[in-house]
Amino acid sequence: MIPRYSRKEMVDIWEPATKFKIWYEIEAHACDAMADLGVIPRENADAVWKAKDVEFDVARIDEIEAVTKHDVIAFLTHLAEHVGSDEARFVHQGMTSSDVLDTCLNVQLVRASDILIKDLENLLAALKKRALEHKNTVRVGRSHGIHAEPTTMGLTFARFYAEMDRNLARLKAARSEISTGAISGAIGTFANVDPRVEEHVCEKLGLTPEPISTQVIPRDRHAMFFAVLGVIASSMENIVIEIRHMQRTEVLEGAEFFSMGQKGSSAMPHKKNPILTENLTGLARLVRMTVIPAMENVALWHERDISHSSVERTIAPDATITLDFALNRLTGVIDKMLIFPQNMLDNMNKFPGLVMSQRVLLALTQAGTSREAAYSMVQRNALKVWEERLDFQELLLADKEVVAALGEDGIREKFDMEYHTKHVDTIFKRVFG
Amino acid sequence: MIPRYSRKEMVDIWEPATKFKIWYEIEAHACDAMADLGVIPRENADAVWKAKDVEFDVARIDEIEAVTKHDVIAFLTHLAEHVGSDEARFVHQGMTSSDVLDTCLNVQLVRASDILIKDLENLLAALKKRALEHKNTVRVGRSHGIHAEPTTMGLTFARFYAEMDRNLARLKAARSEISTGAISGAIGTFANVDPRVEEHVCEKLGLTPEPISTQVIPRDRHAMFFAVLGVIASSMENIVIEIRHMQRTEVLEGAEFFSMGQKGSSAMPHKKNPILTENLTGLARLVRMTVIPAMENVALWHERDISHSSVERTIAPDATITLDFALNRLTGVIDKMLIFPQNMLDNMNKFPGLVMSQRVLLALTQAGTSREAAYSMVQRNALKVWEERLDFQELLLADKEVVAALGEDGIREKFDMEYHTKHVDTIFKRVFG
Amino acid sequence: MIPRYSRKEMVDIWEPATKFKIWYEIEAHACDAMADLGVIPRENADAVWKAKDVEFDVARIDEIEAVTKHDVIAFLTHLAEHVGSDEARFVHQGMTSSDVLDTCLNVQLVRASDILIKDLENLLAALKKRALEHKNTVRVGRSHGIHAEPTTMGLTFARFYAEMDRNLARLKAARSEISTGAISGAIGTFANVDPRVEEHVCEKLGLTPEPISTQVIPRDRHAMFFAVLGVIASSMENIVIEIRHMQRTEVLEGAEFFSMGQKGSSAMPHKKNPILTENLTGLARLVRMTVIPAMENVALWHERDISHSSVERTIAPDATITLDFALNRLTGVIDKMLIFPQNMLDNMNKFPGLVMSQRVLLALTQAGTSREAAYSMVQRNALKVWEERLDFQELLLADKEVVAALGEDGIREKFDMEYHTKHVDTIFKRVFG
Amino acid sequence: MIPRYSRKEMVDIWEPATKFKIWYEIEAHACDAMADLGVIPRENADAVWKAKDVEFDVARIDEIEAVTKHDVIAFLTHLAEHVGSDEARFVHQGMTSSDVLDTCLNVQLVRASDILIKDLENLLAALKKRALEHKNTVRVGRSHGIHAEPTTMGLTFARFYAEMDRNLARLKAARSEISTGAISGAIGTFANVDPRVEEHVCEKLGLTPEPISTQVIPRDRHAMFFAVLGVIASSMENIVIEIRHMQRTEVLEGAEFFSMGQKGSSAMPHKKNPILTENLTGLARLVRMTVIPAMENVALWHERDISHSSVERTIAPDATITLDFALNRLTGVIDKMLIFPQNMLDNMNKFPGLVMSQRVLLALTQAGTSREAAYSMVQRNALKVWEERLDFQELLLADKEVVAALGEDGIREKFDMEYHTKHVDTIFKRVFG
């Protein structure tokens, strides 16, 4: 993560201050539960809540950690400075550091998910708006980068909507994957801490108890979480590559926003570069690169080794911050992107009428012409369009055999654009309901 | 995929013959729907079903493809050889090759998922059996490869069960991700084929219609599918690394099955190697390596480019065949693996009683001893266990300060193993219900 | 690896028959060395060479392996069937299976490297030919997909040449990384086999002795090897993405070969798809996906575990066969690709003269105009080119302020194409010498 | 990169201040060359050097960038504030931003390489020291985690030395891969800047001119660079996994440093965890995850797109900082790690004499016993060692058949440890010369 590609709301989740606040809440709720169970005195549990509104002093905790070489002990020591060391002496009883660390990580990932869910919802809104706006804006569909048949710009936005809507469902499932907590002691047997403590803490933090943990929460959950972020990033790449193609000088069917008449910083008005979407292409790679290490993290030795920890300290903030930034940037791009319908028509007509050749072929065979003859009739005219850029419809109208087969009106009818857009409503209904 | 690591049932799904059979069904059902819509004559649709029980001749199709350079056209040509070329002339009308290819791929992936689901269910059964069998078999829990506190072998199996049960849920979700079909024409507008054809074909094949496709079904679905296989493979690695550790000469708490008295092929009876689980470690990498290319496949140019195709021709069979083989191998390993409870006890008692040191410490502080004093009391005795391998309990009973604090019975009670296993039932209930 | 994407020469390297032949040579040479050292009788060593011209019976060896469950033992048993079991009894003495397996793998990788080296040399020849051919074919250079300044098609080919030439050097280094052999016994101590045996076998097979091995040759070598294949594949992707862009309907500056007048199989002559280069984009991903597992293979437990083996059985053939096929396909594409110089000029002149705007700007500032004034002068004319597609040169010639600054001849001179190509020779000299 | 895993020397390379300093040097040297060529006035070139000792004000440059939206322009504007805007007006003439950015990136990567080279040299020194120290410290070699035959601790260190020495060579090659610079203008044609400017700048910065660039330096170079870092990280993982195994409670042949008698922070003296090497396992994953995105960066559109940039802004600092930190940590671990020779012997003798079984078998066959009989003789005695932990040598001495074949002295001789270490010198010579 670098500041250039981050937003404050998501960065805050990963700040040390946030982490300590969550640790505090875990410990305080655990004390409450232990007091209720009669394991520790009620007054000690109550005393912990005195620190409820404290902003913990990160520098002070770091100072203590430099001595204790242990982050959780450093925090507990600092907590005792606020609560009183006698009052604090039952804090963390029977618990292990990972109970705090892992539960905290999941709280952070849940919060990050909530932001990402909002991000996706915003992106969906922008995509839907543009889809409706350009529902009937005709452009040529392309396979292999080559003109195929007409479609509409709205369908392009609609398919991105449908894809991101699937991602929203995946993200919600991923959120639930990592919304568990564990307060189960050194190796997960609850030997020194009652399972009801775990239940209480999880309920208070909006988590569910991990059914069976070791010293740690199992990492297949996190692997799945990062895999979903990787899929979302890949879908993002799918969208931005479309925009980058649209903005090519030769295509110019759309562009990242700029005001046409603005005094550019460059002498070259054509040199409006799709740098935001290119940037998003790179950011997609950065999110995706976290998937494999997250999967490598799953296999731990026995009840845990700590190999996963350095990986997660890095990829948990990096992947969520980068994706949050990227989705926001993408929403801005979609929301404001320029669409050039006239260029779309001009491109489609680069070889006038040629995109209709398949339909003409089909009509000829349906009219009873043999497949071979039909091919030959279409081919000889299509080649002239291709080589001399003549108008396909006019050529067909001048071709006696074709006229004999389809009639003049029949030929003209084949160039009706609505033939290609007649099911746009059907598709929109499927996508937007 | 190599024969050594494959099972027939899964391999069959990816055989050319299977593929052609599915292509045939797609085309035949599509003809039916078109006939119902009055787009093609009913008798032509009926004629296609004449080939219902035909085993298509793969070599013949290959021969035709060598000429036509197009696999779907080659198949259609061969189909006409069975059905009659006049009768077959409406087959595939208005459709595009990808309608057939993509719908077929998803049928294959669904079938592969069904096998993998069975595989996971078998694995779960084996894990559950061993968990119940060793529910109370005490062994030492380890963090960082170092002894921590007692746990049971059953808990180890139970946590693998819980992890694989999550994977089963993920796999079912992944199956539903890729169980869509598309018959939407050259760029997905249904210009030349009615959406009701798609609906009919999908219904017949057990798929749901892709709400919005281009020339292809969107590849975020497949990316998600392979990501889930990657997570399952990683969980598998988590299980086998435990077994490999258990089988180490110095640990020997468990082993892949061999009959103890058997005449080995080697002079060294200790040289029973965990080669199946090591092999599974490698197979996990092979499944996992398909995740990134599947994600790179998501971003296609406009309405499709064909870059994803060569990737999927390889990874779809490879990942499913490898994972199927691996899960079956793992189930066999789990089912028959040898467990050595006595070695578990011997290992735990390598430093006699030391695993109870944390509990004694806790007891001392609860008995009112200051944290510093308690530490010192535990530490001085624990060190002797560590260095001279004396018995911790006896040392404590000989330490006046400790006896003063806890009493002799109090000390003895701290070495009660049931303290550590008291919540095994609770956890089993969470996992197995 | 699938047949569709493979060439016989490379496939043969990975056939069981090839492997057994290499195993045989290793064993026979080892016997020779042991006889020279007086460790085994000379006549037994000589006897082994009786099998020199034998084609080993793969099915028979498989049959034996089904019983022995050990591939090397199965081979040795079969060898004895040819040589005589008494004569063969010193074969493999003091050696371990991995001595044979690992040395053989490296022989195969060296041979695969030699084919890949030839592949790259052929590709380089094709690139050079096309570079020289189009050294001065002017086309517009593009950054961000947007027109920038003129360049030549030859420079494009030349930079691909330079990149692949670097890859050739890398591949040669990678070849030397894996051209070692080891005959060092069960854990690499040479306890039961003299180091001179290793030296002799390696010399005969064109390898160098691994300075220090365990049971296996260290896997950092193989990781490096596959990493280099991954880089080559990525460079290949870099080339093919250029061609795919060139072939877009709107750009059409080049295309995969087809004869312009040929009777296409499709009614749409514009629908000549860049399917070979799209296919190569996918194949690049397949080669690249082997890099991470090869790196995960490096960390083995103690003197070896066998986790790397299943990975290598798969990726060694797959990556080399796929890359060999891909490089050959790419060479064919480059060799025969169609170049459309007129379209290049047409594209460049889509906004007539605009690519010269930067040069005009520079000239104005050099002529003493302030940067701001120069910008304004260029900008106002450039915008008219952009919006109304007027001719930039004519606009400037009609702009009094610009004429005052540069003079009419000075303006015309700025549209001299040779200004942009004047260093093509210099660059070609750097690349081709 | 996070502070916890970074060292100042490497972090400094990636600080904005360093970057601006390098940018400055590139621009100043370029001005010099242009003045020499008579392209710009000498006094303007000289004036730029006035800023030679300036610490550029990063905050001020950020402030300007917030307005100009362009980092290089922001820097040039700030430079003019130091040099005088009139004096500075020829700075950057004919150059493109990437000339500065890419050349600077490579300067930074070269400097990072130099640190990493030093790191590897330090690691090599530590490994060599420990190898020599424990050259003859006998321990059991293990394959599959199972005891095989005796080896020495020195050989373990020596093989890590050899592996890291290969990595040093690879790193030096990687350094030379990325030690090029380019000052070739907007699309690499040198249209507006003479190639001699590039030559001069490169010479001054210790780089070589990129033979052929576009707007950017080709990214196959960087892909190769990161691939090498990935291999080094994987080798590091190979080393640390050995240490983690050595420190397991049941093995305890070595450990990360701690003073045996020290007052631990924990009550459990056996709970000395290998957290540094576990941490390094995770850091290896973090370095390795940058390899694939670096390879995905190679394929750029035409003369460049900017998708690679966000990736490199992240992975260039992250991978070099993490690897630098990790190599230093590893060197410390190696340098100070505790070795427990007595435990090594105890482990080897867990099944007394059994590691010699293979040698006995070999001796029996060499003495003329048939293979089957020899097996049987070894097997029946070995099984008793395995099951009852009796002494293998004594059993053999009591087995009449064995005594008949080998003689009592012959049996005893087979248990001579020096048989296994006799080639340690040979191997050390190969590794250390």
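Letters A, B, C and D mark the chains in the order given here, with residues in each chain numbered from 1 onward.
What we mean here is this: a contact is a pair of C-beta atoms (placed from the backbone, for glycine too) under 8 Å apart; a residue touches a chain by one contact, two chains touch by 3 or more.
Because the structure is a prediction, the values reported are computed rather than measured.
Engineer: If you walk from chain to touching chain, how few steps can bring you from chain B to chain D?
Structural biologist: Counted as steps through touching chains, the separation is 1.
Engineer: If you tally the C-beta contacts, which comes out ahead, A-D or A-C?
Structural biologist: It is A-C, judged by the count of C-beta pairs in contact.
Engineer: Nearest whole angstrom, what separates the Cα centre of chain A from the Cα centre of chain C?
Structural biologist: 33
Engineer: What is the distance in Å between the mean C-alpha positions of chain C and chain D?
Structural biologist: So the centroids are 25 Å from each other.
Engineer: Tell me, which residues of chain B touch at least two other chains?
Structural biologist: Each of 142-145, 148, 244-245, 273, 275, 278, 288, 292, 296, 301, 305-306, 358 in chain B touches at least two other chains.
Engineer: Spell out the residues on chain D that touch chain C in their complex, using ranges where they run on.
Structural biologist: By the definition above, chain D touches chain C via 89, 93-94, 141-145, 148-151, 155, 158-159, 162-163, 166-167, 170, 173, 177, 185-192, 195, 209, 211-215, 218-221, 223-224, 227-228, 230-231, 233-235, 237-238, 241-242, 245, 284, 288, 291-292, 295-296, 298-306, 358-359, 362, 365, 371, 419-424, 426-427, 430-431.
Engineer: Mind pulling up the chain A residues that touch chain D in the complex?
Structural biologist: Chain A reaches chain D through residues 1-2, 4-5, 68-70, 73, 244, 265, 273, 275, 278-279, 281-283, 285-286, 288-290, 292-293, 296-297, 301, 305-311, 313-315, 318.
Engineer: Could you please specify the touching residues of chain B with respect to chain D in the complex?
Structural biologist: Interface residues on the chain B side: 142-148, 244-245, 247-251, 260-261, 263-264, 267-275, 278, 292, 296, 347, 350-351, 354, 357-358, 360-361, 375, 378-379, 382-383, 385-387.
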